[in-house]
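So, here come the structures, one by one.
Both complexes shown next keep chain A, but they swap its partner, so chain B is in the first and chain C is in the second.
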Partner chain A sequence: MTNIIILILLIALGYYAGHHAEKKHYQSIKKREEEFLNLPAVTFSEKMTPIENVASSTLVYGSAVISIDYFKRILAALRNIFGGEVGAYESLLDRARREAVLRMKSMATNANCIVNVRIETASIGKSANRKNSLGSVEAIAYGTALSFKEA
Partner chain B sequence: MILTNTETVPGKTIVEHFGLVSGSTVRAKHVGKDILAGLKNIVGGELKGYTELLQESRHQSMDRMVEQAEQLGANAIVNVRFATSSVAQGAAELYVYGTAVKVQ
Partner chain C sequence: MKFTPKRIEGNVNVSKTSPIKEFVILIGGLLGIGITLFIALGLLVDLIVPRISVDFENKLGSLLYSKFENAHRTTESKKLDTLFHQLVNHLPDTKHSFSLTVSKKDVVNAFALPGGRVVMYKGLIDKIDSENGLSFVMAHELGHFMHRDHLRGMGRALILAVIATTIFGGDNPLSQLLMESLTISEMTFSQDQESAADLFALSLLAKQYGHVGGATDFFISLKEKGALQKFKYFFSTHPNPEARISAIEKEIKEKAYALDTVIPLESVFVKDSTTPSIEL
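Up next, the complex of A and B:
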């Protein structure tokens, strides 16, 4: 009996706290994405940029480790039975990637653009080696920040 | 030391290649932070302890790579790549590799 109560408590806590945290996180992501609109990050290499204009180039990177809440974990486990789209994990990965890109951009102070951006994801933490379970993911974004000479 | 993840250093020409340089570290967090992360797993959200840990380790492996390149006499590393793998429970390997070059 106590076990069931604890489980329900955990699910409820996961649902409310997780939902609230996700909403707040998305708000802050959107706000910061607008601030960085003038700093484009592109995936193509430096060959597309006029090379004689480049004053300096540096490696920039950013990473974030995001964990899923208890409610969504159960939701995803249920989804495993029927198959289909697992929305619970989609938002987790989306948040991790966008946060990583934002951190990379905030590292590129005084840069005009970031080229050759690569984004990678790794599953880390205690559940990383367990089958059928995804606890927390790390997203890392890295690229080369270029600053141009004043024309 | 200039680091880029593009094939060249924009605005400069490569005069000499030294081959592959790499650095790696395997790290685990102490039990206290692991327990904290376990609790945070209930409500979800960012695990700051782990983010810091991975960022620190990445810095260390980059330092090792740069050290190696300096020994070879290079002044830049191009085409830098990052890789993360989870080798055991609670431990992660951070691997950085690139090509050491001399630019003018």
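Up next, the complex of A and C:
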């Protein structure tokens, strides 16, 4: 009985804390995305850019680690039984990716654009995730920041 | 090529479903399946138990016993063993390989494990003053084997264990996990099963001693010592001792069993030299 109460409390705590954190994070993501709207990050290669126009190029990267909360963990475990879209993880990965891109953009000070952008995902604490501990996801975004010569 | 900054509205990567709603649907589905299985398994128990062969029961028993052996420090007593096997000799032919284990724990209980193993706790033996009374308790447990109550008592978990043992074999971790979940103390027999085992014990006692004196000793000693409160849990799975005494006495009258003097326990259980640490 005590175990069930603790489980329910953990799920409720996970839901409220996780929901609050997610809401705050999305607000902050949207605000910063607005600020960086004029710094394009594209996936095509720097070879597409005429070399004589480029003043400097630097590697820029950003990474973000987001942890799963208890509620999402249970929800995903239930999904594992029945199959289907794991909605619980979608927002987690979305936040991690967008945060990583934003951090990469913050690193690219004075750049005009970032080319050859790649986003990768890794899970952290996989071995610790076996029983009762929580796992996290890391997204890393990297690219080449270019600044152009003044025309 | 000119770059035109453009805001992207909405989010294509995150589904719009409400997590709470998803949670409720999934939990509900899981519970529904669980409840259906639980009911179905309950119905299956009575169907399957008569069809389990003794060989298969022995296989299950060896699994369960390995678990039990780890949980309790058990000991054997030669004298008790002799008494036990005298009773077993009166049983009709079965493939069971009966054995007796005495647990040092100070618990007033005894039970039957699949495969023919009877477990008696020291606490129960301490409560009994006569050899006849002790034989009655052993015979009662043997009665559960004869009626296969011990398999029924394990209930639903038994079905899962049978399926797992059949499919994966006995030494598979999954079978072992399922056997782990069979908690011995949670084995429950119905009051009818208990009464039937009592009557069986009575007939066995008559075969062994030629009379049924001492059959009710154990229940009377519990009553006299006012130990009822203390052993409440024991009676929660068993009919109350007074009802059992009167049922036994009624049977004695009906079958016209003889009543004679009992053999006191002290003369039978002098200190066992092979196991000096145990005092019975």
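The rule is short, and it goes like this: the second predicted complex is superposed on the first by the 142 of 151 C-alpha atoms of A that agree within 3 Å, B and C clash if a C-alpha of one lies under 4 Å from a C-alpha of the other, contacts with A are read in each partner's own complex, and residues count from 1 in each chain.
The definition used in the following text is that a residue touches a chain if its C-beta (ideal position, glycine included) is under 8 Å from a C-beta of that chain, and two chains touch if they have at least 3 such contacts.
Quick caveat: nothing in here was measured; it's all calculated off a predicted structure.
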| item | value |
| --- | --- |
| Touched partner set for A:150, first chain B, second chain C, both or neither | neither |
| Partner chain in contact with A:115 - chain B first, chain C second, else both or neither | first |
| Contacts of A:94 with chain B and chain C, given as first, second, both or neither | second |
| Partner contacting more residues of chain A (chain B vs chain C) | B |
| First, second, both or neither for A:59, with chain B first and chain C second | first |
| Which superposed partner A:46 touches (first chain B, second chain C, both, neither) | first |
| Touched partner set for A:38, first chain B, second chain C, both or neither | second |
| Residues of chain A that lie at the interface with chain B and also at the interface with chain C | 72 |
| Contact footprint of chain C on chain A as seen in their complex | 15, 34, 37-38, 40, 71-72, 74-75, 78-79, 81-82, 85, 87-88, 90-91, 93-94, 97, 113 |
| Parts of chain C lying in touch with chain A, wherever the complex brings them together | 3, 5, 7, 11, 13-15, 17, 19-20, 22-23, 26-27, 29-30 |
| Complex interface listing, chain A residues touching chain B | 10, 13-14, 17-18, 21-22, 25, 45-46, 49, 51-59, 61, 63-70, 72, 92, 99, 115-116, 118, 120, 122-126, 128-129, 135-136, 138, 140, 142-144, 146 |
| Footprint of chain A on chain B - complex, ascending | 2-11, 34, 37-38, 40-47, 50-51, 54-55, 58, 80-86, 88-90, 92 |
